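What follows is subunit A paired twice: with subunit B in the first complex and subunit C in the second.
Here is the complex of A and B:
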């Protein structure tokens, strides 16, 4: 799901960093005000859990595969800001250790997956759990993937407009919105179903063990 | 050169790499990065190629097909984008190879602890994941169906979640016993 290095123009990734740095500082301050002894270790292991969850490839019919992110689960259990910081750390680790995602795209990936994905998941769950909790969890999982994917598709698809040579050749990501939106959103609509089911199953598992307090 | 200066130099080089749109300077930059890598140049280059291979092949092939149909194919664009991505990825691996990222983040005590813990836990989980994968592979006598693979993935997910919550408690106790929370 990550946007890799080198496909986003500085006209976009530098302002994204500006926004993300402010939001990271705010998120860390929120964490610090709620700092209890277990906050740092809990956040660290959740980050590691998210990291490994993104490495567990789920096979899809037809020979392809997809991976879960656990972002919806994090956001529902621990709140949007904790999820944002945790996902940002996962992305940083992946960028530095595996070259996945990349440093130029880090802020954009963090904003899309960590903030927008988390917020979409948490607030949709809070809204829909009054109707049906299971349905709310599946929708939260689906939205966490697809809200982030939509933002990434918009970011990628606007590159040819943002940065191009005098002859009109793109300088970064080459496809406009008409190609990027369906290419990104259609597979993620399917991947989101898997994320939704995973969110439901994991939440129930945690509830059975008494680890879930109502958000 | 301190870690923080190295971090700033790395970030400046990254930004510079995305503001250059000519093949020559980018190729020169890549050669410089590999020269700075010393004996490790081949390892860094190989790791970078593996990291970017999938996405870049998909983008390059898609661009090749679509732009040829539209009559706007540019070999220069293909070379430019792939070279830039390779340069940025090599730069990142060179930075991680030469500089301890934990030192670079040392401006914040909490962030350093968080990053160190997250890194160590991630590496331990990664190793466990590989062990699970090999165990699953070694027990196969015939191709495994989708149902069994889903069940295997679900059990791994549950194991890692269990492990995470257990580790959080353990680490908290370890930090408390070493006086981390006394300040």
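Here is the complex of A and C:
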């Protein structure tokens, strides 16, 4: 799901960095007030869990591959801003250590996965848990993947319009929205089901371990 | 009759040029090529996907095409130096990396090992714990033990 270097035009990644820097600063302030010393080891463990999950690629029909993220779990347990900072750290390390997701695309990846994905997961869970907690967790997991994937498909598919040579040749990602939307969304609709089930199972495990305190 | 002969001679002299312009020739030569194989971390081939190869610092691609079914790009460098490959799949996978070849296609700094990838994962996990260890130095003490809550 990570967008690599060379896919996104400066017209998009520079404003994304502008927005992300402000949101990272705000998120760090929120993190500092929200976290307690006792919570940090749990957040560290789940952040490391996200990092490893994102490195495990699952083959999908059609020759593509995808991975779970654990972002919904982070957002549900620790809140959107803490999840945003943690996921941004994971994405930074993946970009620097593996080249998985580019440095130029880091802000866009962080905004899509860390912020939009987290917010979609947390608020859908808070809404749906009144109906059925398990259902809310599965939907949260599915949405965390697919809200981020939709944003990325839109970002990728708009590149030929944003940056092209005089003869119309795309300078960055070459495929338009009519290709990126189905190519990105269909596999992630499947991955989202796995992410939802993973969120449900992990949440229940962590509840049994006393990591979750219901308000 | 004489003028017809002159016209025929002029045509014979002039025609081979334009005719050659439409006559595609070919030659088959032996050469040393550079083969770059693209694959996902689980070993699956990045097959039949788009790529562009650039000479260092140039904007016009040296070669464009699709990887073969085994995820390979094969090209013949025409000079020693740095080469850049950009790869795209329709679902947003791909990459952008450079490598150096000699004039005869010899490659410097080839593949990354399986062990190297695992060492990097361990390094990443260690860094995450290190960062949160640092954050804990500035965290508030006390409060509820299980602050993780929906």
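Please note the rule applied: the second predicted complex is superposed on the first by the 194 of 215 C-alpha atoms of A that agree within 3 Å, B and C clash if a C-alpha of one lies under 4 Å from a C-alpha of the other, contacts with A are read in each partner's own complex, and residues count from 1 in each chain.
As a convention for this text, a contact is a pair of C-beta atoms (placed from the backbone, for glycine too) under 8 Å apart; a residue touches a chain by one contact, two chains touch by 3 or more.
Given the structure is predicted, the values throughout are model-derived calculations rather than measurements.
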- Task: Using the touch definition from the top, say if A:134 reaches subunit B (first), subunit C (second), both or neither.
- Result: neither
- Query: So, A:68: does it touch subunit B (first), subunit C (second), both, or neither?
  - Reply: first
- Message: For A:7 in the superposed arrangement: first (subunit B), second (subunit C), both or neither?
- Response: both
- Task: Figure out whether A:55 sits in contact with subunit B (first) or subunit C (second), or with both, or with neither.
- Result: both
- Query: Touching A:41, do we find subunit B (first), subunit C (second), both, or neither?
  - Reply: both
- Item | Contacts of A:99 with subunit B and subunit C, given as first, second, both or neither | both
- Quick one: classify A:18 as touching subunit B (first), subunit C (second), both or neither. neither
- Message: With both complexes superposed on chain A, which partner does A:175 reach: first (subunit B), second (subunit C), both or neither?
- Response: both
- Note on the structure: Dual-contact residues of subunit A, meaning touching subunit B and subunit C, are 4-7, 32, 37-38, 40-44, 47-48, 51-52, 55, 57-59, 89-90, 93, 97-99, 102, 173-175, 179, 206, 211
- What part of subunit A is in contact with subunit C in the complex they form? 1, 3-7, 31-44, 47-48, 51-52, 55, 57-59, 63-65, 76-78, 89-90, 93-94, 97-99, 102, 125-126, 129, 152-153, 156, 173-175, 179-180, 183-184, 187, 206, 210-215
- Which part of subunit C faces subunit A closely enough to touch in the complex? 40-42, 44, 47-48, 50, 86, 88-97, 117, 120-121, 123-125, 127-129, 131-133, 135-136, 138-150
- Task: Please name which positions on subunit B make contact with subunit A in the complex.
- Result: 11, 14-15, 17-19, 21, 47-48, 51-52, 55-56, 59, 62-63, 66-67, 72, 74, 76-77, 80-81, 84-85, 87-89, 92-93, 95-96, 101, 110-111, 113-115, 117-119, 121-122, 124-126, 128-129, 146, 149-150, 153-154, 156-158, 160-161, 164-165, 167-169, 171-172, 175-176, 181
- Using the touch definition up top, name the residues of subunit A that touch subunit B in the complex. 4-7, 9-10, 13-14, 28, 32, 37-38, 40-49, 51-53, 55-59, 61, 68, 89-90, 92-93, 95-100, 102-104, 165, 168-175, 179, 198, 201-202, 205-206, 211
